[in-house]
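What follows is a pair of complexes built around chain A, which joins chain B in one and chain C in the other.
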Partner chain A sequence: MKSLERLTLAHLWTAFIAFAVACVFGLWQMLARSPIPTPGFTPSNYFISVTAHGAAMAYVLTTFFIMGFGYFTAETALQRPLPGKRIAWAAFGVGLLGVVMAVVPVLLGRASVLYTFYPPLTGSAWFYIGLVLVVASSWVWCAIMIVAMRQWKRANPGRPVPLAMYATVANAILWLWTTVGVTVELVFQVIPAALGLVDTVDVGLSRTLFSWTLHAIVYFWLFPAYIAFYTMAPEAAGGRLYSDTMGRLSFILFVLYSLPVGMHHLFMDPEHSTGFKFVQMTLTVLVTVPTLLTIFTISASMEFAGRLRGGKGLFGWIGALPWERPMVLATGLAFFMLWFGGGGGLINMSYGMNAMVHNTSWVTAHFHLIFGGTVVIMYFAIAYAIWPQLTGREAPSLRAQRIQLWLWAIGMMVMTLPWHYLGLQGQWRRVAQFDYANPIIAAWGSWVVVSVAGGAMLLASALLFIWNLAAFHRARTPVQAPFRFALAIHPPERVPASLNGFGLWNALVAVLMLVAYGYPIAQFFIHDRPVAVVHRVDGAQP
Partner chain B sequence: MAARTEHEVLATELRWTIAVVASVALISLAILWAGLVHFINPPSNLETIDPTKVHLSPEFTEANLGTRVDEGGRVTTRIVTAQFAFIPPCVVVPADEPVTLRLVSPDVIHGVLVTGTNVNTMVVPGYVSQVHTVFQKTGDLLMPCHEYCGIGHSQMWSTVRVVPKAEFKPGPDGRALCEKP
Partner chain C sequence: MSEDVFREIDRPWRLWASAIVVGVLAFGCLSGFVILPVIQGYQAGIDPYTAICRSLGILPGSPAARQPVSTAPAAPVSQVSWGPSLIARLNKPDAARGQEIAASVCAACHGEKGLTADPAQFPNMAGQSAFAIYKQLHDYKSGARANEIMQPVVADLTDEQMADVAAHFAALQQARWEQTWVRAASPQVETIVRTGDSARGLPACESCHNPRSGGPIETPVLFAQTKEYLALQMQAFKSGSRKNDLYRRMRSISEKLTDSEIDQLAQYYFEQR
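Coming up: the complex of A and B.
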């Protein structure tokens, strides 16, 4: 096995093992909240589980997957050796150390603050320091991606950077901007409190800093799915990408508009005025644009592929697509879930309407559907697409892969549709159990049980996914054709410098962030805001 | 889909982009309309209070909590949300009349919603959260804490008792209390 393959596999297996374990926690949590008796249930165990599930899914699955896929993309799309492989391995080690440092206190019940921290609640410092190490290792990845693109551009003056790599670097730049908020919060507020150096926290400031990260992080997670839509799905469908330029524009728009919008997570908070909430709401509306452009461009690419395969009429091309291929099937299922998840998201971001759903199961349903559904199903498809290259073997069964993808999509719908409904009925988030003797809550019981069935399907699908990946390593058929990214119908020979780099866009992000977050953060330093006393959850004496 | 030349591709994409921008603008205008004309805005208040001195403030001292009708007839309900209880655990409010909820936290972050209504706000230590509403349904509504606040979070909930206007009878001091359930 070659060195790139080893590096990629180390990252992706770390990501997927964390994912499978977190799925087990997830199903147990759903049981705890249902009227069904649950083995091992205590409130303490429940919040250990929620913290572990959230941190594993949000920080480990995503970060390690994106790093591994990025390394793979850099070498495969640029067709030159990845620079700094040793540094990449060192960063992997630091990240893994960080995961262990964070997981141990969580499982010991000394960091039950969920993955969103909620200071002044304060857990073991090891938890936060471990997560900072994971972030630090991802910064090394960002640097390697940027250097790889620079080296390629120097060797190929005037040529457009391949779209898959352009998008990967866009994500690296987005991530560097994104992590500023949470890192400042952890390093200057939370970790000093956890170490006992300070005994108060400015909660308004910490919530504002976390909101800086909280929306853009979702786009960091989502980038690989979009990279697959643009540069893998058209090839898998037997066609070509409709427009390379629109791909570049969409990725740039994500960099611009996923950052200055985080305050829509604080619509119901008292520490910001309606004025800035409105400004960030308006910018949030704009972040729907790249998604709507993507839906069009990818649908057009699929239509092109379907017609090449003999599809006729207005919709005949849909039936002509090779749905038996996992990448095509996953793209279709991801788009289906995107309609529901995106529609729900429009309600969440709608300023006034947010009051109807804030901190209810609706929100849990929304991000499970859009991240767990649309995004993670594409992580599966990417894994299935690149694993032959990584292992040098073909999959023994595409059927098992298709069953796994269907099971995931159906399970996600069965789990999240009842959650949306329950959220509208007022079912609130983040509680360990409900009192089903209460007449208001009793009426929710049967829908909660339906959602548990969806959760069971998801766990079955997650385990089948691990089985399917392991099957590659045992398989004997050598890989047939080398992996390649999709080309555009009209591959660009030249693109404007602005669509081939990020200088201009970085400057624009800086301006947008100054407008959106300048005063909202500065207010905590200009005005004297009261601070809250640290509340430890790990039993340590202050 | 037309794709004979790159120019044709971009012209098609441009037509779609115009449709996207138009629908996004429409959504923004609808939200702006709701905010400016119907006053549907999120609960932003920007009023500070020292969380360690909540119980000493004249407004949030225990004797002043719950629902109170002032000389002008305005109904205000004051609640302290603390680990892991609401004080008071039950509040009574009149139906079909403007009610102002004012909530503070002396310790960590909490949040409240009232089931079956659009009442929803975070309660952040250091700030007074304020929500204006009109309760339309009568009966006992659930008001749980909806933000993780520690190990006892799941047990933290309270009752909002909405009574018909005629049955809402504050005492001589203007206070209205929940009778025993």
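Coming up: the complex of A and C.
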């Protein structure tokens, strides 16, 4: 096995093992919240589980998957050896060490603060320091991605950077901007509190800093899905990408409008004024633009492929698509879930309507559908697409892959639709148990049980996914054709400099961030601010 | 074509992209900081200048109508206010003074080392949470908790002295809380301790009395007390003769417990050492 393949596999296996374990926690949590008696249930076990599930899914699965996929893309799309492989391995080691440091205190019940921390709750310092190490290792990845693109551009002056790599670097730049907020929060507020160096935390400031990260991090997770839509799905469908420029524009818009919008997570918070919340809501609306551009472009690419395969009429091309190929199937299922998840997102980001769903199960259901559904199903598809290249072997069964994808999509819909409904009924989130004997909420019980059934399908799908990946390693058939990214119908000879680099967009992000977050953060240093007493949950004396 | 020509071709691209991004931002700012606050402020009887300052966060409030303010007098069940300075004092007490007060004032009943000679009547203090001890001392002094013996004893202590003596007892035999899995006499009690009984609105004891649960700061450590003392306190909460628990937490819990459950819970925590 070659060195790139080893590096990529190490990252992706770490991601997917964390994912499978977190799915087990997830199903147990669904059970715990349901009227069904749950083995091992106590409220404190529930919050241990929620913290482990959230941290594993949000930080381990995503970060390691994106790093591994990025290394793979850099070498495959640029057709040059990846620079700094040794540094990449060192960063992997640091990240893995961080994961262990974070997981142990969580499982010991010393850091039940959820993956979003919620200061002044303060758990074991090891948890936070471990997560900072994971972030630090991802910064190394960002640097390697940027260097790889620079080297390629120097060697190929004037030529457009391949779209897959341009998107990967866009994600690296997005991530560098994104992690500033949470890192400042952890290093200057939460970790000093966890180490006992300070007795108080300014919760308004910490929530603001986390909101800086909180929306953009979701786009960091989402990038690989969109990279697959643009550069893998058209090829898998037997066609070509409809427009390379649309892809570049979409990725740039994600960089621009995922950052100055995080305050839509704070609509109900008292520490910010209505004006800034309104401005950030306005900017949030623009996030729909790259998604709609993508739906249009990918649908057009698929139509192109369908017609090439003999599809006729207004919708005949849809039936003509090769749905038996996992990448095509996953793209279709991801788009289906995107309609529901995206629609729910529009409600969340509306200042007025947010009040209806704030802190209810609706929000939990929303992010499971959009991330767990649309995004993670594309992670599966990417894994199925690149595993032959990584292992040098073909999959023994595409059927098992299709079953796994269907199971995931159906399970996700069955789990999240009742969950959304319960949120509208007022079911609160972040609680361990409900009193279903109470007539006011008794009717929720049956819907929660339906959600549990969806959760069980998801766990089955996750385990089948691991089985399918392992099957590659045991397979005998050598790989038929080398992996390649999709080409555009009209591959660009040259693109405007601003669509081939990030200088202009970095400057614009800086302007947007200054306006959207400048005063909201500065106010904490201008005015006297109330502080909260550190509240330890790791068993140490306060 | 040369680089200069390309740069010339790309220029409008850059300009238009910047203009659109800044234009949308300006639209958002104009709507959020000027148009909407002024219109809504007008409807709520707020002048435009104030409305704009409020929307920026320079003046407090939002342009909506004023909210009614309650005039009902506050009747707190405790006067303790957990502020940074108090917590700092409890964490860094004057140890010598704490010991001196403990020896001269407390030792007669609670024992020199915080272990009482009559544990059915007086609680053991060694290893108790400093925050729990301070809260009770302060409540005796303010009258929030009534007790013939304790109220005269604490009457002359200052807040700092109470903090020092509380920290002294807490440090005596550093309580290292370990979860021991002693089985309760009945599964019913085990359930109340670990998961609560949601059908009766009973939270788990462990939701607060486990130091890792994130319960209120003043939550006492329950082990190292006698069965009689623990039962006595739960009965006092149940009857309402003790009422210095914030938000009626312990009263509303104890009211729902049967006498037999109270005895079994007391026995259970007595065994947790």
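Things to note:
Rule of thumb we're sticking to: the second predicted complex is superposed on the first by the 541 of 542 C-alpha atoms of A that agree within 3 Å, B and C clash if a C-alpha of one lies under 4 Å from a C-alpha of the other, contacts with A are read in each partner's own complex, and residues count from 1 in each chain.
We adopt the following convention: a residue touches a chain if its C-beta (ideal position, glycine included) is under 8 Å from a C-beta of that chain, and two chains touch if they have at least 3 such contacts.
Here the structure is a predicted model, which is why all the values come from computation and not from measurement.
Applying the stated contact rule after C-alpha superposition, one finds that A:497 touches chain C and leaves chain B untouched. Among chain B and chain C, the chain that touches a larger number of residues in chain A is B. Residue contacts after overlaying the shared chain place A:110 against chain C, while chain B stays out of touching range.
Touch criterion met: A:121 reaches chain B and chain C at once. In the superposition on chain A, contact of A:44 is made with both chain B and chain C. Residue contacts after overlaying the shared chain place A:289 against chain B, while chain C stays out of touching range. In the superposition on chain A, contact is made by A:203 with chain B only, not with chain C. Using the contact criterion defined above for the overlaid structures, shared-chain residue A:538 touches chain C, although it does not reach chain B. Contact with both chain B and chain C is seen for A:274 once the two complexes are overlaid on the shared chain.
Common to the chain B and chain C contact sets on chain A are residues 43-44, 112, 121, 272-274, 277-278, 282, 286, 433-434, 531, 533, 535, 537.
Remark: chain B residues 1, 3, 5-6, 9-10, 12-13, 16-17, 20-21, 23-24, 27-28, 31, 34-35, 40-52, 83, 107-109, 111, 113-116, 118-130, 141-142, 144-154 touch chain A in the complex.
The touching residues of chain A, when paired with chain C in their complex, are 41-44, 109-110, 112, 121, 158, 199-200, 256, 272-279, 282-283, 286, 433-437, 494, 496-499, 504, 508, 511-512, 515, 519-520, 523, 531, 533, 535, 537-539, 541-542.
By the touch rule above, chain C contacts chain A in their complex via residues 6-7, 9-10, 13-14, 17-18, 21-22, 24-25, 27-29, 31-33, 36-37, 54-57, 62-63, 82-84, 87-88, 90-91, 129-131, 170, 177, 194-196, 198-199, 201, 203-204, 206-207, 210-214, 217.
Every residue of chain A that touches chain B in the complex is listed here, in rising order: 43-44, 46-47, 50, 112-114, 118, 120-121, 202-204, 207, 242-243, 245-246, 266-274, 277-278, 281-282, 285-286, 288-289, 292-293, 296-297, 300, 303-304, 346, 350-356, 358-360, 425-426, 428-434, 438, 440-441, 489-490, 492, 529-533, 535, 537.
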